[in-house]
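Next, two complexes with subunit A in common: one pairs it with subunit B, the other with subunit C.
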Partner chain A sequence: MAQRICVIGGGAAGISAASMAKRTNPEATVVVCTEFEDVAYSPCGIPYVLGREIPDFERLFLAGPENYEQAGIDLRRETVVTEIDAANQTMTANGQVVPWDTLIVCSGWNYLLPDVPGNDLEGLTFVKNIRRGIELNETLNDVKKAVVLEAGPLGVEMLTALAHRGIETHLVDENAWLLAQVADPEIAEPVQESLKELGCHLHFGTALKSFVGSNGKLTGVETSEGIIDADICVIATHKEPETTLGRSIGLKLGSTGAFAVDERMQTSMANVFAAGDCVEVPQNLTGVAVQGLTGSHAMQQGRVAGANAGGGRRVYDPVNIPWGMVGGQVQIGGASFGESLATSLGIPYVVGVANGISRARYFPGVQQVRVKLLAEPGTGKLIGGQFVGGEGIKERADFLAFALKRGATLEDLAWMENVYSPPIGALYEPLSVAAQNGMANL
Partner chain B sequence: MAQRICVIGGGAAGISAASMAKRTNPEATVVVCTEFEDVAYSPCGIPYVLGREIPDFERLFLAGPENYEQAGIDLRRETVVTEIDAANQTMTANGQVVPWDTLIVCSGWNYLLPDVPGNDLEGLTFVKNIRRGIELNETLNDVKKAVVLEAGPLGVEMLTALAHRGIETHLVDENAWLLAQVADPEIAEPVQESLKELGCHLHFGTALKSFVGSNGKLTGVETSEGIIDADICVIATHKEPETTLGRSIGLKLGSTGAFAVDERMQTSMANVFAAGDCVEVPQNLTGVAVQGLTGSHAMQQGRVAGANAGGGRRVYDPVNIPWGMVGGQVQIGGASFGESLATSLGIPYVVGVANGISRARYFPGVQQVRVKLLAEPGTGKLIGGQFVGGEGIKERADFLAFALKRGATLEDLAWMENVYSPPIGALYEPLSVAAQNGMANL
Partner chain C sequence: MGHGPEIPEHLAEYFGHDKVAHRGRGGLPAAPPAPPGSTARKAGENAVADGLARAGTPGRRPGDHPAALAPKPALSRVMRSGGETALMQASQRRFGTVTGAPAPHGSAGWFWRSVFAPVYSAIPWSIKKRMVTMTSGVKGWRKG
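Up next is the complex of A and B:
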């Protein structure tokens, strides 16, 4: 009998898991259930439509459902899985019993409503599902003032988008600077300046106390520093893994509260895999479990889970987590972690910093690229790095993640070969200069 | 007695050698002799001033001579070294005998005048020295038609510059496509299209036969395909190593005609080092000697030679040669070599190609990035790669050179982590997609 593979979830992890499972075992029946109306769109694009940098939501769709059907995948939209029966290897989807030999749980994440008074008011919004995004886009036409709760990656994107749209926008964040989970203050600072130039009001070190409103509608956000008037509040807090269904069959959770999986993305139960924001994976240098990464991580994890579910043999390596984005009008990114996190983890380090440039210093459009590298004292082995400004931040983050994976040292980067061409690269690559400076501190 | 280190040549190699020697041994007397009026400017910027993308030549100067004097370097400009006495460890510079304990030869390269009739006509020009560049900039005001001889990197820059300036510009090149030494035809093609859009006339497969003129001035370039009218001809042929002085003391040359050096940049003679375009170094994958690389290679070689001359211990690794540039309005680059060179070297390979994108496919400014990777059959170990289009070509070339140095495989790139953020990076990194496609061909 041909293998039956069921995938719960139609996001990046679920769709890539299904596609890879079918490719690995073309004989298999592959079913994908998603509670949503849509699949294979780019949720990461929603802030840019809201911010009117992208003209419409239609562009965010990658492929229609028919593409998956053509690939032989049984894609079931608006289909809610309410129960899994692990003993009998079935699940109940929209009331129908669906049998499986192998299950892949890609149940994603949720933003949690903050547990403060007034959290039932109309005007508290999440940016996640595209249909809700389309509604929010309409709502924003009447919004004068907005609060964004927490300056993680989505929060920074939404600050940029709302300000770009001309809305008076306030950030409320308990941290002392932006992107505090991954970036150090001096790296975040140019982005903060850019957001201020766009008109954003940044309230750091500020705690949420309650949401205030009248007639069931939000009118303001009460913080430790007073009330900020607001028509909406975008909740951009930590991505909490959605594990309800998996827990119901006893799948083990890890230290982050997400599913614990092995290197094959298999859960604690044979024949049940998981991928994406509902799982945790080890960080490469520390082994510490991390969760809530990016869409490209979800996609790669899905590919690994799908390959193994289909009978292949594929390992998902510990992650070095390259990241990058545009905040205000400034690029920022990095890989692994920075000084603040290293300090709190008790990891010793030396630092190498440089204020490099993106092109020859005399070429039009040249921009500063600030680099900060962390390395192990003595050996100089890289621990992580961050960059801000200029161009090529995404590509440098990818490079650094690869260098970290390969155990590269400051010396390796200090003596790296680099392209020198006035319109696209300076004589001194900023990464290399930072590494040279760091070597003096070893 | 303190060490006396003499450097012949004031280009990127010579200046960085002197600086590093002085830093390594602050007690040393470090003398730099250059025949030219200037040091520490960016010759690579000259085409962009000529093309009016950079407003003036003054910007190309990095630091005045006084900076080197402040660093304790005895910098002698307009000083021609006419003789080296290896037995007595002296050299004659502007008639004066200068003693040395350690010599660093950074005598650079020359463009050779083509050995065809009419090569003494006024109007044949090289783009190399900044004073000649300033004169050429004046001359170009009266130039209507120009020929560029050979489409190597400088040739492509000059085609772009002259066309940008509004001059009718013709390329004469015996090869069948542009940048044929490093790029394959399908990678070069978008650059060729862009140059044509700028109005360049590209004559490939066309041999130079003679220069024609009247009253001692160039009026045309005779080729295998007929005469092309021209007021000037830019000679952008291969960079020939300048080895006259070194040969006079018996320094050994390698297969390219440049100085053979060991991994410390030491020549065949004890206490004589060499760096930059007058030396050859091994290519990483093949061990084949290469010469005439980039300014950043000259600078790094100079640092190594200077460190060792100053009593340090520093190795220059075999090169993977990341390269990149803008031709017309298109970025092109790569690392190591392409299919054409692999074929002529008899190196077996498989190919992985992809037409990726530089941002999310719906984000304004997204551009195609064409990637072509070569890898060893069986193992999938990377041999080289090329890219064209889009953004981030320089950074990808740096990445690929690093991956090559680390012996990375197609599989490593296929499963690399990458940043996904709509304004700066696509879900699928083009390098990774090309690697995935290449794996299917292993």
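Up next is the complex of A and C:
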């Protein structure tokens, strides 16, 4: 009898897991259950449609459900899995019992709901699902004032989007600066100034006290610094792993509250795999469990889980977490540790900093690029870095993550080869200059 | 494009020549929607038609409230979360002075802020690393 593989969740991890499972074992029956209406679109593009940088939502769709049917995948949309029976290897989806030999749990995440009064008011806004994003886009026409709660990546994107819409936008964040979980203050500063130039009001070191409303609708956000009038509040809090179903069958959780998996993405239970934002994986340099990464991490984890569920043998590598984004009109990014994060953990480090340029200095459009690298004292082995500037940030973050994966040192980067072509790169690569400066501090 | 006087002089050089950095100079136009008749086009049009029809109407739908209160955490998560918050806030207080950032709003709790963070900071990294790996590490993975 053909292997029966069931996938719970139709996001980046679930869809890639199903596709890879079917590719690995073409004879297998692969069923995907998602509670939502759509699959195969880019949720990461939603803030940019809301901000009118992308003209419509249609462009975010990459494929239709028919594509998965053609690939032999039984895709069941608007299908809610309510129960898993691990002993009998079945699950209940929309009331129907579905048997499985191998299960892949890709149940994703939810925003952490602030446990304060008024958290059930209409006007609390969540950017996650595309159809709800389409509805939100219509209602934004009537919004005059908005609050964004927390300056994580989505919060920064939504600040930019709402400001582009001409909405008076306030950020409320307990931290001292933007993206404080990963970025250092002087790296975040140009982004903050850019957001201010767009008209955003940034309230750092400020705690949420309650949501204020009348007749069930939000009218303001009470903070430690006073009340901010608001028609909506975009909740951009931590990505809390959705583990309800997995916990019900006893899947083991790790220190982040997400499913503990091994390097094959297998959970604590035989024949049950998991991937995406509901699992935790090790950070490469410390082995510390991390969770709630990016869509590209979810997709790769799904591919590994799917291959192994289909009988293959794939492993997922510990992560160095390259990140990058645009806030206002400035690009910011990095990989692994910044100075603030390394200090909080107590990791010893030396720093190498450089202010360079993105093109030849005489070429139109040349922009500043600031680089900050961290390395182990003595050995010079890289432990992380950050970048901010007008262009070329994502590529440097990707490069740095690969260098970290390969155990590169400051000396390696100080003597690296680099592209010199006036329209796209300067003679002196800022990364290399930062490494040279860092070597002086070893 | 010029920028307003509110941008500090030492940061002006980071600002692009366009209002949005990723539009950049010489950028290609964004991809058009998928071709008419394609599955992606059909899926997109269906979603937009449905979303527009429902906009402003009452009723629950999938994904309209993707938020949850934190579940009752296990001891290991309480320990990690409390320690992390206190250590991050201590670090922010130290580095925030570089740019004149405000102090983070202290929500770590007295024990974590006043006992755990100072004690942890006094421990050598080699011991801390073992502590961190033991309490917050993963099992069943090869070393990176």
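Rule of thumb we're sticking to: the second predicted complex is superposed on the first by the 442 of 442 C-alpha atoms of A that agree within 3 Å, B and C clash if a C-alpha of one lies under 4 Å from a C-alpha of the other, contacts with A are read in each partner's own complex, and residues count from 1 in each chain.
Keep in mind that, in the parts below, a contact is a pair of C-beta atoms (placed from the backbone, for glycine too) under 8 Å apart; a residue touches a chain by one contact, two chains touch by 3 or more.
Everything quoted here is computed from the prediction, not taken from an experiment.
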Quick check for you: in the superposed arrangement, does A:301 touch first (subunit B), second (subunit C), both or neither? neither
Which partner does A:424 contact after superposing on A: first (subunit B), second (subunit C), both, neither? first
Touched partner set for A:174, first subunit B, second subunit C, both or neither: second
For A:185 in the superposed arrangement: first (subunit B), second (subunit C), both or neither? second
Considering only touches as defined above, state whether A:54 meets subunit B (first), subunit C (second), both or neither. both
Of subunit B and subunit C, which one touches more residues of subunit A? C
Touched partner set for A:403, first subunit B, second subunit C, both or neither: first
Name the contact category of A:128: first (subunit B only), second (subunit C only), both, or neither. second
Figure out whether A:331 sits in contact with subunit B (first) or subunit C (second), or with both, or with neither. both
Considering only the touch criterion stated at the top, classify A:267 as touching first (subunit B), second (subunit C), both, or neither. neither
Return the residues of subunit A at which the contacts from subunit B and from subunit C coincide. 53-54, 59-60, 62, 317, 326, 331, 364, 391, 405
In their shared complex, at which residues does subunit B touch subunit A? 12, 42, 44-45, 48, 53-54, 59-60, 62, 294-297, 299-300, 317, 319-326, 331, 333, 360-364, 391-399, 401-403, 405-406, 408, 412, 415-425, 427-429
In the complex, the residues of subunit A that touch subunit C are 35-38, 40-41, 53-67, 78, 110-113, 115, 124, 126, 128-135, 137-139, 174-177, 180-181, 184-186, 189-190, 193-194, 196-197, 204-207, 224, 235, 237, 240, 242-243, 253-257, 260-263, 280-282, 284-289, 315, 317-318, 326, 329-331, 339-341, 343-348, 364-365, 367-368, 370, 388-391, 405
Subunit C to subunit A touching residues, read off their complex: 3-4, 6-8, 11, 13-22, 24-26, 30-34, 38-45, 47-48, 50-52, 54-56, 61-71, 73-74, 76-77, 79-80, 84, 87-88, 90-96, 98-99, 101-105, 107, 120-121, 123, 125, 128-129, 132-133, 135-144
